[in-house]
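Pasting the structures in now, so scroll down.
In what comes next, chain A is part of two complexes: it sits with chain B in the first one and with chain C in the second one.
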Partner chain A sequence: MGTFLTQLGDSAGNIGAAILVTVEATVLGAILALVLAFILGLLARSRFLVVRGIARTIIEFFRGTSLYVQLFWLYFALPVLGFQISSALLCAVIAFGLNFGAYGAEVVRGAINAVPKAQWEGAVALNMTGFQRMRLVILPQAWIGMIPPFNNLLIQLLKSTPLLSLITVADLTFEGQQLRAATGQTALSYLFLLVVYFILAYIFTLLMNALESVAKARLGRGGGLRGLFRLREADPTGRSAGAGAGGGA
Partner chain B sequence: MNTSIWDWTVVEDVIPLLLKGFAVTLLATVVGSVIAILLGLLLAMARRAPTRLVRVPVRAFVEFVRSTPLLVQLFTVYVLLPSLSPFVIGASVLGIHYATYMSEVYRAGIDGVPKGQWEAATALSMPRGRTWQAVILPQAVRNVLPALGNYIISMFKDTPFLAVITVHEMVFQAQEYGSDHFRYLEVFTLAAAIFLIASYPTSLLVRRLEKRLGH
Partner chain C sequence: MVLFEQVVKRFGSNIVLDHLDFSVAQGERVTLIGPSGSGKTTILRLLMTLEKVNGGVVYVEGQPLSHMKRGSQLVPANERYLRTVRKKIGMVFQQFNLFPNMKVLDNVTEAPIHVLGLSKEEAVDRAKQLLDLVGLGDRINQHPTSLSGGQQQRVAIARALAMQPDVLLLDEVTSALDPELVADVLNVLRDIAQSTTITMLIVTHEMQFARDVSNRILMFDKGRIVEEGQPDKIFSNPEHERTQTFLRAVLEER
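Presenting the complex of A and B:
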């Protein structure tokens, strides 16, 4: 235990840097996923069958094949075709973005469809253009419904980042294994690693709760700060985690 | 040495290996699902236990397991229990990880059973065990079947993680063949295709089940 703590103190710098790598991959992956989720989610509601078809195919493809396989494909197979992604970290960010973007697209689509029909009709009655209707009326309401499932996806993304250690990136898991090799304390090293991931997940959840409070306050539905520290709710339908084939709602 | 980008002889070569690995993938999914379905139910029921001494630790366990990475959990158990076979560890950890997700599914199902059902069972002075078994669970479980199906598909897509503790599932076979022959394009494209072929129709089935149950 003593040697473990000494070693932990000695490698604090490395571990700090590794946490930053993990957080960086999570945040960049999430940003890419968010952008793709909105693009694909909106295209999947298009009037045109061809556009819808293309969006659906992309969504189902990335939901139907495993993230692990997608990452390894980008890292090992893509260079064979002549495209070398410049860094392993970027490779992972792209894989995370594509995979979680596809899951997120279903969240976006479902949340937009869940906005009551009267809101759409009201916007039409006010003579708003399609763009205004989306930006001023529909999205601010749909956004609130998207945040809890986005939070679940964000934590899943965070939990997928140990994949980085398999493609030579010195992320948190990699440093945890270094710590284990240096101290020989297997149980303590891995327990430490799990606890750090748990704390990171909780910090991300707090931030998402805050985001939800802000979004609600903007629509005058504020519940104040009460909900800020609650834990993430699970998705009781499993839709955000599992199956493809387009949700209902 | 064939230098074309896509080599069909590699495909012929590797498909039997991938299918052999796929059998392990399926077995891990089935074993993991059985563990997750049963343990998930136990965890959900434990969270309704009459005493906090049970409820609080169970809640903490569920939150901790579902907020930490499967990959690290696999490594942890793998190095701590070296006497067990990698497959047993892999399928069990996968099952326990998803049990925590499924416990939340069951919990939603149990919460969805009207309070009057509990009260009626009390009024009939049914013992607690019989109330669960004959009144609550039949109603709760039926409604959550599609959600359980979704998580099983998700679990199926997480089985490649088992490769990191040397379980010879499909992606392990793909990686090994790829590094031995330095042919990555074919093996990972095929692995992706097999995943898609297996998971997409299953997800359609779950969707139909959802519709039939009126979700």
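Presenting the complex of A and C:
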């Protein structure tokens, strides 16, 4: 125990840097995933069969294949074919972005479909273009429904980052293993990793909850940032509050 | 102004409008009455281009609405064409359909800014005037969800008028309201009917209101007009048996 804590103290700098790498990969991967989720999710609703077909194929492919294999493909297989991605971290960000973007596309599509039909009709009656309907009316409402599932995906993405250590990146898991090698304390080293990942995941959750509260307050629901640290209840306002203004069938 | 020519609308095997012919003149206020399922709301939805006809043609100001001209033929309208004809029509819905992501003022200004290309100042001026007209000038910064149903519906009326349509469609605008809120909405509409020359097509079960504002009543049953005439005649002395039973049922209800 004593040697473990001493070693932990000695490698604090490395561990700090490793946490930053893990957070960096998570955040960059999430940004790419978010962009792809919107592009693919919107294309998957296209009127044109070809566009829809292409989007669906991409979504199903990246959802249906293992992240682990995708990452190894980018890092080990592409160079064999003559394409070298400049850094291992970039490989990981691309793999995370594609994989979680595919999941996120379904979140975007589902949330858009959940906006009441009455809202589309209200926008048509004001003679908005298809793009204006989406930008001014539908997406600002659909966005709130996306935040909780996006939060799930973000946490899953964070928990996928230990894959980084398999492609030579000194992430949090890599440093945890270094700690274990240096001290021989297997249980403590992995306990340490569990705790740090949990703390990181909880920070992300709090940030996403804040985002959700702000988004809800903009729709005139909920009390903004108040009550953020309370345990979540079964959504008492629910989507039906939006339907009050949005109307039924 | 509005002309339906042999219009057919089906939902599956259910024929909602059966070779319907009728027209509404510029500035006329026409109320459609009849039992539910008789096709009244469908007529408004066809005019707002929320539904497509299965047969016949709908014209607005002599221009086909459901179709567009290609050479000498009429083909079903595409979205780009619809945008050019739809601007003449405004609609107020039973369930208001206000946008909960926008404050009251933005509900009324967004479309004029983005669709009509008005400057922000112009749109805000117009919106404030209209919101004053409907008695909500002091609510412009509130969320629609914080308003009563009657207030929301009055915002929706202002929102529709802000687009300066030639034809205003009112689809059972008081049916979703608590009884004590109905009067406010109807009074606003009476004001608008009196102070403007806008053409109105009204679907309502408020017979006194229909009597007050309409020039003409159309009685529908099973997708056809069974009787039409001036409000006094229809309400005091209906000829058709279907009209008599319908009015008796509606008036007894209250």
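As a working rule, the second predicted complex is superposed on the first by the 224 of 249 C-alpha atoms of A that agree within 3 Å, B and C clash if a C-alpha of one lies under 4 Å from a C-alpha of the other, contacts with A are read in each partner's own complex, and residues count from 1 in each chain.
Convention: a contact is a pair of C-beta atoms (placed from the backbone, for glycine too) under 8 Å apart; a residue touches a chain by one contact, two chains touch by 3 or more.
Please read all numbers here as calculations on a predicted model, not as lab measurements.
Annotation for chain A, partner touching more residues between chain B and chain C: B. In the superposed model, A:73 lies in contact with chain B only, and not with chain C. Judged by the touch definition given at the top, the superposed model places A:140 against chain C, while chain B stays out of reach. Shared-chain residue A:163: touches chain B; no touch with chain C. Contacts of A:190 after superposition on the shared chain: chain B is touched, whereas chain C is not. Of the two partner chains placed by superposition, only chain B is touched by A:176; chain C is not. Overlap of the chain B and chain C interfaces on chain A: residues 241-242, 244-246, 248.
Put simply, chain A touches chain C in their complex at residues 118-119, 121-130, 132, 136-137, 140-141, 218-221, 241-242, 244-248. Residues 48-50, 79, 83, 86-87, 89-91, 93-102, 110-111, 114-115, 142-146, 152, 159-160, 163, 176 of chain C are the ones that touch chain A when the two sit in their complex. Against chain B, the residues of chain A that register as touching in their complex are 60-61, 63-70, 72-73, 76-77, 80-81, 155, 158-163, 166, 173, 176-177, 180, 186-187, 190-191, 193-194, 197-198, 201-202, 231-239, 241-246, 248. Taken together, the chain B residues at the contact with chain A in this complex read 5, 63-64, 66-73, 75-76, 79-80, 101, 104-105, 107-109, 144, 146-154, 157-161, 163-164, 171, 174-175, 178, 184-185, 187-189, 191-193, 195-196, 199-200, 202-204, 206-207, 210-211, 215.
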